[in-house]
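Letters are used for the chains, namely A, B, C and D, taken in the order the chains are written, and counting of residues starts over at 1 for each.
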Amino acid sequence: MPYALCFLLFVIGLYCVLVKKNMVKIVIGILVMEYAVNLFLIMLGYRTGGAAPIIDKTCLEPGTGQITASFISTSVDPLPQALVLTAIVISLGSLALIISICVRTYEKYGTFDITKIRRLKG
Amino acid sequence: MSVPLPVFVAIPLVTAFLLPIFGKKGKSVATLLANLATISLLVLAVVSIGQSRVYEIGKWSIPLGINLVLDGLSCLLLLAVSTVSTAAMLFSTRYMEQYTAKSKYLCLFLLMVAGMNGVVLSGDIFNLFVFLEIASIASYALVGFGCEHEELEASFKYMVLGSVASMFILFGIALVYGNTGSLNMAYISKAIQGSGLNAGLGFALCLFIVGFGLKAALVPFHAWLPDAHPSAPAPISAMLSGVLIKALGVYALARVVFNVFGISVPISWVLIVLGILSMIVGVFLAVGQWDFKRLLAYHSISQMGYVVLGIGLGALILARGGNTTWASLAILGGLFHLVNHAVFKSLLFLTSGSVQMATGTRYLKELGGLADRMPITRATCTVASASIAGVPPFNGFWSKLILVVAAVQAGFWGIAAVTVLVSLVTLISFLKVQRYVFLGELPENLRYVKENKNSMLVAMIFLACLCVLMGLLVIVPSLKQSILDPAVKVLTDGVEYSAKIINM
Amino acid sequence: MAIFYILLLFILIAAVIAVETNDLLSSVICVGAIGFSGSLMFLFMQAPDIAITQIVVEVLGLIILIRATISRDLTFISGDREFFGVVVSVVILFAIFLAGQTVLRTLPDFGTPAFVAAAQNCDLPAPAAQTYIAEGMQKTGAANLVSAVILDFRAYDTLGEATVLFTSIIGATVILRKDSRRLGEEINE
Amino acid sequence: MEQKQRNSNVAQKEKISNGVKGMTIIVKTIGSWAKVLIFLFGIYIVLFGHLTPGGGFAGGVMIASAYVLLMLAFGGEFVKQNLSPSLALKLACAGTLAFAAIAVAGFFYGPDGFFWNFIGQEWLAGESSNLHFINAGIIMLAELAVGVIVAAAIFLVIFTFSTFKFDVSDNQKE
């Protein structure tokens, strides 16, 4: 069920990109899609009643220093978290670039409306 | 000699990080460094022809770390990328003097090359996504490099569609990870062979086809290409049309469909239909264009259709359990056309840049009679036009011939007929280019046009020679066995890829 | 468990408002709401690294977005594209959504990580994630397993990520530079 | 009508460009105190990334946001004197180069050593469990490099955006 809601968020973002004609709105649509994918990836790694994948003193066996079995069986998946960290940075980078293109286009055309920005045909 | 594989990514990356430090004064040093980087990449790519190996990064064995894979297919793409980037970089040395911020341009150029090399070598699907983003983001910025009205508009359109494609691919990766618990392509492939293709993986495959199809500008997803490719500076158009849509689109699609998910009849039909649609729609839209570079961009869509058609045809024959010889012949035609297209389309874009730099316009109706004023540009443009139209001694002829033969032998007469027809329309449209740019009357304002300077001509002559000589790749058996056959074998082997990687 | 549904519903409502409102500033603020509740959600899903990063990125992303919208006089906007196009895209998206619903059932249930489900497939070696949890600290020396993954096991990805950031700042400075072309006389010499 | 809108447009822009020069005394005073704390917290997050949540990326953004705070409070010119954009670009280049150098340095230990964790190996072989500060080999160096890249990059982005001026005359020509 949470997966379904997450997918709904993705579809809302896609709808915004397809239907809206304001440049900033389109950027917002892309951002919403990015949030949806990030949430989805983290959900894939979630374990009910799980623990964060960070080892501290309570996760080590007192004598031997080995990692306790309870940590191994409750820790959530660290791999999707690493992927999402990368994906967030990528989305920040592309946000900066796309906003700079928007600002520059506004400077040239005086509008954010893509139906009025039509020098190129076809 | 075996080159450590990360070098292919590290050389352009490190050079790119160095370049912005040189400001206006160090421009010539920066140009020299960038040229050295692309040339050394070309040398390294030539050295590693015919090798195949796996490199595990950080000495972590594969399910833990990331691996780089060099096999026939990646080697072919590496060669194409480094050849075109060497020529385009040589061309930009002089061409980019028109613009400011040249060292940043060179930096973005090298980052794009690094991204493409990373995509081509990667054996891990998320890593492929990351490098795909590097190459895409660099190309978005380069399309808008001129900062004029059309360029910004095209760049915005390209970036929106490109970002949507990236999100589709990332969502597909998430679905694959959820279903198989792995990110390494060999392990995903093995898990899929074990459990079969369930609905989740099928949906992921659809997402990949749409995402990579958007990056490759196949026909229902082609809206951005005719705007983006002409708006970029000419060397960048050459890179985008020549290699970017192939490395990020077709290569990634072929890798995912053939080696990870495995081929089946419906998927092959999807590829064939996409290919035929791209061929026909692209070429008929191209005939009516009066903008030189826009015409070339529409032809890119059409020629990519040939590549996808060849690959799809091979997949169909293989999936039906037909004759493997014809299947490999069809795939050979597709892949050979991919390399040929990289060479002649980048040459065409470079000649268009040369014409535009000399005359200041690229509208066919304002040009004319340049044959005497720009003899070398004219000669190279003729060679490239003959190649793209499939005139006999040049390279385009051979790949189209192979495609037609494969289609006829496999019994697809309709497809063979369409291939020949599209080729004829291409010929007509390039006769139009020759007629309006180089023949006819010289307009008054172009009376004092001069041929461009050395480095630009060297780049064009280099590519023109390749156009003439590349037919040898299929005629000389030893060349064919070392370059094209391993690439075809990677695709025909299909999902045996995973067993090879895991045992290596 | 209930907290996830509450937060997800909140995110969805904020997303709908962000998409549908005609005021760009409120739209941007709603994006902020999505980001911050997403960050809370990451925190409840035991991903503190992501939560911290999401918050700081959200702040800067909002600054960038507001810079693009509020400093222009145009914060009101007109509506959608043509009616026909809207209907067609809504129908297509609804179909995609329905297809997605059936597809998502093939995933392991919410609350079971993907690698646990995959580990039951005996032909393959243990999934990478399991090894990261059990042996990641001994192998890399980092107690924060996410750091261990991004900077040691998958450091090559992080190199790519840093490069993306670098590429996009170079791109942004290129797009926002003052004069893009030299004058004609300079070229010829 | 059109012209009127343009005029209001110009007036508003002037107002905003004045706003960039600085805010009230309250914001300036608090900002000058807060920037130190934010900066130190950012460095802490960067350095302890391998033990606690956070890391190079989050910490780098925090360091950059200290400068963004300064920029909002005191205006762009003030910040430019402290950290000029060209220096920030060079810092970003240096950070990425350092990160790449960490990766390439592995090659000194053999051709398959790209990104090999070449520092920590002997400690890792010796002790199996240790929550010490310096025990993760290249991870800490890489975090530092990432922190520098991110801080410089984010600062540069925000700075470029806030100093970007509209060329209104160009707009009217169209």
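Simple rule for what comes next: a residue touches a chain if its C-beta (ideal position, glycine included) is under 8 Å from a C-beta of that chain, and two chains touch if they have at least 3 such contacts.
Everything numeric in this text was worked out from a predicted model, so none of it was measured.
K.L.:
Can you identify which chains form the pair with the largest number of contacting C-beta pairs?
P.N.:
The chain pair with the largest number of C-beta contacts is A-C.
K.L.:
Which one of the chains is farthest from chain B, going by Cα centres?
P.N.:
In terms of C-alpha centroids, the chain at the greatest distance from chain B is D.
K.L.:
Approximately how many whole Å separate the CA-defined centres of chain A and chain D?
P.N.:
Roughly 20 Å separates the two chain centres.
K.L.:
Calculate how many whole Å lie between the centre of chain A and the centre of chain B, each centre taken as the average of the chain's C-alpha atoms.
P.N.:
That gives a centre separation of 29 Å.
K.L.:
Any idea how many Å lie between the Cα centroids of chain B and chain D?
P.N.:
Chain centres of chain B and chain D, defined by C-alpha means, are spaced 35 Å apart.
K.L.:
Residues of chain A that contact two or more other chains, please.
P.N.:
Each of 13-14, 44, 52, 54-56, 67, 79-80, 85-86, 89-90, 93-94, 96-97, 99-104, 108-109 in chain A touches at least two other chains.
K.L.:
Scan chain B for residues touching two or more other chains and write them down.
P.N.:
6, 13, 17, 20, 57-58, 126, 130, 133, 137, 140-141, 144, 147-148, 152, 155, 177-178, 183
K.L.:
Please output the residue numbers of chain D that touch at least 2 other chains, ranges allowed.
P.N.:
Correct list: 52-53, 57, 89, 93, 96, 100, 103, 114-115, 117, 128-131, 150, 157, 160-161, 164.
K.L.:
May I ask you to sort the chain touch graph into line, ring, star, complete or other?
P.N.:
complete
K.L.:
Which residues of chain D touch chain B in the complex?
P.N.:
Those residues of chain D that touch chain B are 86, 89-90, 93, 96-97, 100, 103-104, 106-107, 111-117.
K.L.:
Under the touch definition given earlier, write down the residues of chain D that touch chain A in their complex.
P.N.:
52-53, 57, 128-131, 150, 157, 160-161, 164, 166-167, 170-171, 174
K.L.:
What part of chain A is in contact with chain D in the complex they form?
P.N.:
52, 54-57, 60, 64-67, 85, 89, 96, 99-100, 103, 107-110
K.L.:
Could you please specify the touching residues of chain B with respect to chain D in the complex?
P.N.:
2, 4, 6, 10, 13-14, 17-18, 20-21, 23, 55-59
K.L.:
For a test of understanding, state which residues of chain D touch chain C in their complex under the given definition.
P.N.:
5, 8-9, 12-13, 16, 45, 49-58, 61-62, 64-65, 68, 89, 92-93, 95-96, 99-100, 103, 114-115, 117, 120, 123-124, 128-131, 135-139, 142-143, 145-146, 149-150, 153-154, 156-158, 160-162, 164
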